[in-house]
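Next, two complexes with chain A in common: one pairs it with chain B, the other with chain C.
Moving on, here comes the complex of A and B:
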């Protein structure tokens, strides 16, 4: 049973990862990554890390991926095909390098003959991987990383707001409202009384006329 | 299941992510591939945590998730800012990131 679940989850995780790289449309890449993350959560459950699996589903596949979907639809996913890579040598070198890395990792993890690695692991404590154990570790042994991570999250949130906010001078030049152009001058709106547009010019010329005629009369 | 299998899956996912980072030009997809690499590392951490039978690796994985979330927010903010300035969303065109 465990074996069947493992192979289903592992094939799902690897297929999702391949889909992220292979699919052309960024939106489909994001959806593929969601499938990958859900399969990975199943693998975490098989490793009896229940809390991390829940965090993976809720935070990663839920929150972070929604953020991705929003940005992809905002930017309007420009599907640049892989073939548009400038140098053709990179197209050959990148998979080659990745394959070399894969072989190296396999040698490092599996080929060294670590006897402990090829076991199923020790007998676990009753509360292994549960929120109780995670919370206790976070607040006792790993208190400093916990606090540093909270500060890091705060800094990242402030930085994201600063980066993505609308700045003056960067946006498109202000287009005059169509209603203001259609309206005839001198109709007594708030904008005119504040001294804008056509009304100021027409009143200035009118006052010039009135003073000149008054001087003539006097 | 032996821990070996989990490590093999983890290495595969990590390498696919590395290949994607090198191949892709769209910064959004590059960020996605970075997520893949981080998740491959996370799977190793959880597998080693299971191997040793204590929860330290799981704490490490959670901290990695926090760092990944920070990286995503800042990276997506940069992409939104690029889009606002009408710059091309293309990692090859964006060789100079000053001002």
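Moving on, here comes the complex of A and C:
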């Protein structure tokens, strides 16, 4: 039973992750991510981490993904399918590096994991992975990271509000100088390293964005 | 059941005195945020920066109070020792300079003063947590608390497109770095079964196996180095640096180039020299290769730039390569040389950035090289500090940068990495080409006559004061280096290095 559930969850997780990248419509990508996260929750459950599995379903598959769906619906991503970067060098290099990373991770996990495959696994206490144990750890061993994380959430909220709100009484946005927009070639921008065609496109769309940003703020 | 559980949990002992610098920063951030909500122009423009300065001074005082302390606090989450205390001083000094630079900055008005200074203090708190972290969980939370306020601060000039671009690029690349780091840390935990640095070191030595024979640990270490490399802008993970440094508001750029670098190298030092020090022979060649690449890429990349902020960005990449040399040798001398160079780098880089901030506000040329044309004859009060900073960054004798480089080269020779010392010297020689270009633009007579109009020559005495103080300190520590030696001495011993 455990084996069957594991393979269902593992295939679901991989298929969901592939779907996020492959599907062109952002809305389907988000739904695919939900499937991926639910499969992960099942994997956590098989690892005796009941609390983490519950949190995964409630927070990620529930709250966060609903937020994603809202954002995609509001922004209306359907009209702008995600395009591959138009650069031949990147088209070869990116899969190559991804493959290298894949091989490296396989060596790491298989090289150490296979030795445990015929064993019984770790001896766990009866209450392993229960909220009580996690709560105790958060209040003793990991007290400081726990408290710092709560401060981090406050700061993230402050930052988000700062970026999102519209302020009145500010000067008119400055008109970007044409020289400021076009950087001279050969200065090592990120766009250059990702392929020249991308650079021109991003500059053109960036100037469109500036006018719309200005309107919102004004 | 619940009552039984409640009595069985024993809360960890908290050494509030040793913890106090971080508490001061966090409380200060919250107080500044609340003060920023009060109405009135005077509150925003004077009381908020004033409260920020008070917070930083309190942190500095508490840090000095704890000087000489060497303990592990809150269940081994943080280490209060010479390394973290020296870097606390660096952070507070950088924070003070950044507050002064930001006083007339447009970004503070557009972002709201309360929020701007709160994020600055929160980022500093993250740095203080990070460099003291001796636990993988604390490390990651610290690095996020450092980064997330910075993403927002980069985009804080909300009406300037390049600032928003910088914030977005930093967010995306920084998140990739954080994810890689977290992945690596989870592998390390999987391989050793411990999140404490000391526990990792004990697991590695007790199992009798090397990192090289344990692929999980090897991969984890590799990914953790890559993740930290993103934060420290080490080549080939540096590509965000020029774009973000150029686009962010200049006070934030100077803050990032100095404080973030110091924090990233601080945790780099502690992690490498505490958790995996027994395996130094395995990771030394890897870091040596990264240091060599960084020195070459940073110095060559700076040659073709026309924007001074971009030149300083590439130069900061190159300086990161020099700093990495002190980590490669993994000795107390190497650690102290890196720490020494960090302190010196803060002083000289802040001098350079104060002049850039001043010129950006005086002319319409922004931070391009033409904004500095003919500065020597028109505004020697700015040209002289800039010249000193450039010469010190290049490592000319009688400046602090020279002594710093000398220490690093000495540590590399002692640690059997003499070729890296040679590379530092070669890199400094290449760097003269772009540092002296700025000096030449300032002091050569302006033949083409396209030097910019000086709009407001006397409007910002505080920035000119900063430039003079920082450049004077650069010369002072170049001639009398002993105060910094006294500051960093014992940092290596405090974390158990020979």
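Just so it is clear, the second predicted complex is superposed on the first by the 150 of 218 C-alpha atoms of A that agree within 3 Å, B and C clash if a C-alpha of one lies under 4 Å from a C-alpha of the other, contacts with A are read in each partner's own complex, and residues count from 1 in each chain.
To be clear about the criterion, a residue touches a chain if its C-beta (ideal position, glycine included) is under 8 Å from a C-beta of that chain, and two chains touch if they have at least 3 such contacts.
Note that the structure is predicted; figures quoted are calculated from it, not measured.
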{"item": "Which superposed partner A:132 touches (first chain B, second chain C, both, neither)", "value": "second"}
{"item": "Touching partner for A:143 - first (chain B), second (chain C), both, neither", "value": "second"}
{"item": "First (chain B), second (chain C), both or neither touched by A:156", "value": "both"}
{"item": "Touching partner for A:109 - first (chain B), second (chain C), both, neither", "value": "both"}
{"item": "Partner chain in contact with A:21 - chain B first, chain C second, else both or neither", "value": "first"}
{"item": "Chain B and chain C footprints on chain A, overlapping residues", "value": "105, 109, 141-142, 145, 149, 152, 155-156, 159-163, 167, 170-171"}
{"item": "Footprint of chain A on chain B - complex, ascending", "value": "1-9, 11-20, 22-26, 28-29, 31-33, 35-36, 39, 42-43, 46-47, 49-53, 55-56, 58-59, 61-63, 65-74, 76-81, 83-85, 89-90, 92"}
{"item": "Interfacial residue positions of chain A with respect to chain B in the complex", "value": "2-3, 6, 10, 13-14, 17-18, 20-21, 26, 29-30, 33, 36-37, 40, 43-44, 46-49, 51-52, 55-56, 59-60, 63-64, 67-68, 71-72, 74-75, 77-80, 82, 84-86, 90-91, 93-95, 97-99, 101-102, 105-106, 109-110, 116-125, 128-129, 133-134, 137-138, 141-142, 145, 149, 152-153, 155-157, 159-164, 166-167, 170-171"}
{"item": "Complex contacts: residues of chain A adjacent to chain C", "value": "104-105, 107-109, 111-112, 132, 136, 139-145, 148-149, 151-152, 154-156, 158-163, 167, 170-171, 173-174, 176, 180-181, 184, 186-190, 193, 206-207, 209-210, 213-214, 217"}
{"item": "Chain C residues within the chain A interface of the complex", "value": "5, 9-12, 14, 26, 29-30, 33, 74-78, 109-112, 115-116, 118-119, 122, 125-126, 129, 135, 137-138, 140-142, 144-145, 148-149, 151-152, 155-156, 158-162, 164-165, 167, 169, 173, 187, 190-191, 214-216, 218-220, 222, 239-240, 242-243, 301, 304-307, 310, 314, 366"}
